[in-house]
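In what follows, chain A forms one complex with chain B and a second complex with chain C.
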Partner chain A sequence: MLKIINACKQFKNKKALDNITINLENGVYGLLGPNGAGKTTLMRSVCGLYPLNTGKITFNDLDIKQNKRLNSIGYLPQKFGLFNELTIYEMMEYFATLKHIANKDQKNDIENCIERVNLLDRIHDKISTLSGGMVRRIGIAQAILGNPRIIIFDEPTVGLDPEERMCFKNTISQIKEDKIIIISTHVVEDIEASCSNIMIMNNGKLIVSGSNNYISSLAKEKVYLVDAENEKQLKGDFFIGKRTSIENKDVIRVLSGEKQNGKSVKPTIEDGYICILKGF
Partner chain B sequence: MWSLLKKNIKVFLRAYNILIVTLIAFIGFVGYLFLEVYNFTIHHDTMWFLLVSHRVSVFVFIISIYISYEYMIKAKNNHLDECVSTYSNGSNKLYGGSFAVLLLMSISLFLIFLVFNYFIYFIGGINNLAYAFHILKANFINIFLVSMLASLVGTCIAFSCKRFAAYSIIALIVFLISPISEQIPAAIYLGYGVDIYSYRNFFSNILPSNLYYQPDFLYGVSIEAFRWNLVGFWVSVSGGVLLYRFRKKNYQSGRVPIVLLIICASFNLFGYMSGGSYINLALSPHSVYNHDLLYYFNVEKKEQVAQFDVIGYNMNLVINRQLEADIEITIDNPLYLEKYLFTLYRGYKVKNIYNAEGEALEFQRDGDYIDIYIKTPKAHDSIRIIYEGYSPMFYSNNQGVLLPGFFPFYPMSGHRTVCYTNDEQGIYNFVLTTDEKNKHFEVKIKSGLEIISNLSTTNEIHEGYSDTLSLVGGFVVKEQIANYEVFNLAIDDKNKHKKENTLLTLNDEITKYEKMLGESDHFDISRYKIIQAPETLMHRIGHGTGRGSILALKFSDHVFLGLGYDPKLIATELLSFNIPNNYDKYSGINILMQYLVSKDSFIENMDVLQEKFIEQIEILGEEYVLKQTYHFLKNTSDTRTFENFLAQLK
Partner chain C sequence: MYIKRFLIIKKQLYLNFRNVKGFYYIPLVFLYIVLPVLNIATIRQYGVCENAFTIICNDIQKFAPIMCSWWVIFAFKEYIEGDGCEVLYVYKKSIVLDVILIYIWYLIHITILMIVYSFYFTNIWLIFMRIAIQSLFFASGAYLCMFLFKSISISFMFIFVYEIICLFTNFGITKYISIFHSNSPINIRLMVTKNIPVIIISLFFLYLGNRLHKVYLK
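This part shows the complex of A and B:
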């Protein structure tokens, strides 16, 4: 179990993490929040890259620093690049060596990881010949290399095309057994299918956490489909979501704490997320 | 780790901008060294090869800083750092692995230069372990450490600056450490008299100096302690900056190495600031050529014979970075004197002076002169003087010692002219003779070098009677040459057969000239301890004399000889020591000696005085004029000028 206990982290005058406490069992977790919410700081703290000002983070009752020494963390940061001069295989060998994977196991492990990100046919291609999305996929591959117990993805789908996003989701479902996987993103769609639990952060605080259904239920009776023509008649505080066309009629998806003149619809995770952020 | 290093080497070799520059550099260095091997087959000078091979150390620095910057910027720009920081020691291995490649490059460069230098050492037939070690040390500091420092600085820049700023800083650093930047302090000094050399030296002494001058075979190339300190300081600073930078990113990077590097940098800075003796052949006002020239042309010389006799010296000398001396002088003086006058070169700073009872004595230092004041009215038979310092010309450090007997590196009685200058003729000349009676010396020397003196030596004690003391240390070995026991400069390999020739014919030449001049007191070289004169003694002291070189120095029990040079020149210079020191007759000595060495070249290019000399020879006969001239020059009671002497010669 990964335990984050009273975690506080401050950068000069800004509180990046404000007394966060949560226990995570094996499973896939989505971490949502607007830019500057503290997601990356939390990720880096869990990875042992940032020391906390107060509080602690443990995994299986061992401090996270000790877990780092055991190579039990896989991490894909937001910014990720590779040595363009090496091939995919050589680069993965590089990571495998850094992760202390025994020489005899390296080949199998590397091929396995590369297969999971659908790059096996290009394993001996140079990195310089790959697209940005493919590089990101190698980032995912290096994170899962060595079968770490905690895997953290920070904005993993940035730069990926729809097919690659699908591939990412498949990869997650393949590797999620016996692991804690945390996916930080502000694209709710990415985690809808992959994650069983969602955490939402804002201003350094963990505002809410729970199952997908729980998050979406937070927007129950607060989501309406309203005729676009009636937009000016919306009451109270509201948030306008997607504009769509139903039966040749323009409609808008409105989130509001007040009852609106439109059709109430079933909320999604994204609706729940927005309602929490907007305070509906 | 080897696997990681292999991957990093692959990255290095597959990055074309790095690979091409590296290949060009390595091919260039090897090509240059081969060219110098070819040159060696012409001049056969082992130390010259060491010196010229290190002339490219500035390019070693430039190449290393460029490669390190371009290589490390890859590791930085691909943002692997954050990703691998979650691995156990990931960051350290990522950057350590990358830096190991740069280290490998520095080692490769070091080995290339070392192999070439040892190749020359062996084919040059040098058999001197101290010099073999000197080659290793010189290559280590001038190639390996210079390359390492450049790699550290390049890495620091890669992690701190954007490309334009980075290359601007690199250009500035290269300018500051390269020989080109010497023009700036030189221009400022010549134009405004402001001396900013010491600020520049803080950068420029990273690279070896004096590479465009004839080396001193006693001393070797410049690898003094202060240079190790300077390079050590910059390596510690740049290493510390790098570690600090990583520490900010990754709290697990320890603070202990940073603290250790700060201590190391402080220690080296202190060592560098302590300075010490070294050979400086640059344009600086503190150089071998300028330091004394600028001083002695502008200072009043004093001549006053002491009213006491020094009959003995008991010396405790320590030679590390400079000379540290504790000297007890025994005086034969039954009378009370208010003042005791001594001459000690101004570069030696007097710390304390005591009488025999250990009471501090008042003294006044004025340039080369020390006046010791005696307040209690009693005669003193012993004075103790403690001092330390160095002379730019007469070096004394861990690398070499050249303290010839004429030079007041220990307190000599009375006020004496250390350096004669003549504004009209534009010459300055250290007074090369000593007129002191023999006295007893007991000298204890602590030094990393084996020190040779004119006295007999047992362990570290040099003891005996002589008119003066000469100390020599460095690449000098006792050898048998032409049946003479000679303290020979071991790496002056090109002159081996010439040295033998000099010694074989020298006695005949001396006898011939003595006969021509009517000198009855035969100079028997076999009675003297023979020390081969190093470059500094022959040419750097001779630089300002108008003669250009000094090939012989004679004292009561030892001689310094320019072995390998024309025996005629050496013989005449030895005979010139029979003539008492009188600078009014200086031109006469020169004319006589020049005539003796080569009548033909003398006649080719004559001034008015020389024409008069030849005229008299034609009228009165060579034998008569030479003998009369020699007699006139030796006769201290004859105060005529040489011009008057020639005019009145009948």
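This part shows the complex of A and C:
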């Protein structure tokens, strides 16, 4: 179990993590929050890159910094573009040595991970010859190399086309057994498909965590489809979401704590997320 | 255990150097082509004599030690400027051993050069010791600069400017900061008094570099 206990991290005058406490059992967790919410700081802290000012992070009751098993964590940073002059195989070999994977297991392990991201046919190509999406997939492959118990993906689907996104979601569902996987993203759609639990952060605080249904239920009876013509008649605080056309009529999806003159619809995770952030 | 660790670092260094392509060969070009050519020209001009030996020693200390920093800086290019380099810091908490291994690898090349020189000159092993210590200074200085400036080009420029100031200028401060030897005759006593502080400073740089590595992302 991964335990984050009273985690606080401050950068000069900004509190990046503000007393975060959460226990994570095996499963796939989505981490949502606006820019600057503290998601990356939290993930870097879990990876042992940032020491906390106060609090601690433990994995199986052992401090994450003292965890000697280097291959217990897999991490995909927000930007990934290392070792451009090496081939995919060589770069993976580098990560295999970093994770202290035994020589005899390296080849199989590497090929297995590269196959999961559908790049086996290009395994001996230089990284510099790959597209941005392919490099991202290599980043995913290095994170899952060595079968780590905790895998952290920071914006994993940035730059991936729809097919690659689907491939990523499939990879997650294949590897999720006995693992704690944390996915930070702005794309709520990715989280809906891959994650069973969602954590929402804002201003360094973990404001809500729960199942997908729980998060969407937070917007129950707060989501309305309103005629675009009636936009000016909206009451109180509201948030205008998607603008669509239904039966040749322009409608807007409105989130509001107050009852609006429109049809109430079933909320999505995205609705729940926005309601939490806007305080509806 | 130690052998396994050594083999892991060796493999990582091999891949780091593969990643920098032709830049790896620059120090070797200086050691095995530029220096011998310069030295042969000196010998042709002066013959095998004390005067030629002094000029050759100066040429060696101009080019050989700084090239060690080249390898250190370029080997860890990805750790400083790579996109998403933080993932490397998750697994690698220190690169001191890697720097020392690069230094030893460089020393092996210097040794080969010195073996050839030893056929022509006596006292060459004192020069070897001097170059070895100066190379250690440059290797550790490069390690420190990388994490201090967070840029490989600025780090190398800084080291290069240091060398230019020490070798070619005559400010008052130069004699205190320079690790280079003037044309004075080589003897053990001078070696010890000049180089023991250089060794201590080099070790201090390694320590500082290691500290900066640990707080690199913070």
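Just so we're on the same page, the second predicted complex is superposed on the first by the 277 of 280 C-alpha atoms of A that agree within 3 Å, B and C clash if a C-alpha of one lies under 4 Å from a C-alpha of the other, contacts with A are read in each partner's own complex, and residues count from 1 in each chain.
The rule is simple: a residue touches a chain if its C-beta (ideal position, glycine included) is under 8 Å from a C-beta of that chain, and two chains touch if they have at least 3 such contacts.
It should be emphasised that the depicted structure is a prediction, and the values quoted were computed from it without experimental measurement.
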{"item": "Superposed partners chain B and chain C on chain A - clash or fit", "value": "clash"}
{"item": "Touched partner set for A:Tyr94, first chain B, second chain C, both or neither", "value": "both"}
{"item": "Touching both chain B and chain C, residues of chain A", "value": "44, 47-51, 70, 73, 75-77, 79-86, 90, 93-95, 97-100, 139, 142-143"}
{"item": "Footprint of chain A on chain C - complex, ascending", "value": "8, 11-12, 15, 18-21, 78, 82-92, 217-218"}
{"item": "Chain A residues within the chain C interface of the complex", "value": "44, 47-51, 70, 73, 75-86, 90-91, 93-95, 97-100, 139, 142-143"}
{"item": "Interface residues, chain B side, partner chain A - complex", "value": "3-4, 7, 10-11, 14-15, 74, 77-80, 82-88, 90, 93-94, 250-252"}
{"item": "Chain B contact footprint on chain A (complex, rising order)", "value": "44, 47-51, 65, 68-71, 73-77, 79-86, 90, 93-95, 97-100, 103, 139, 142-143"}
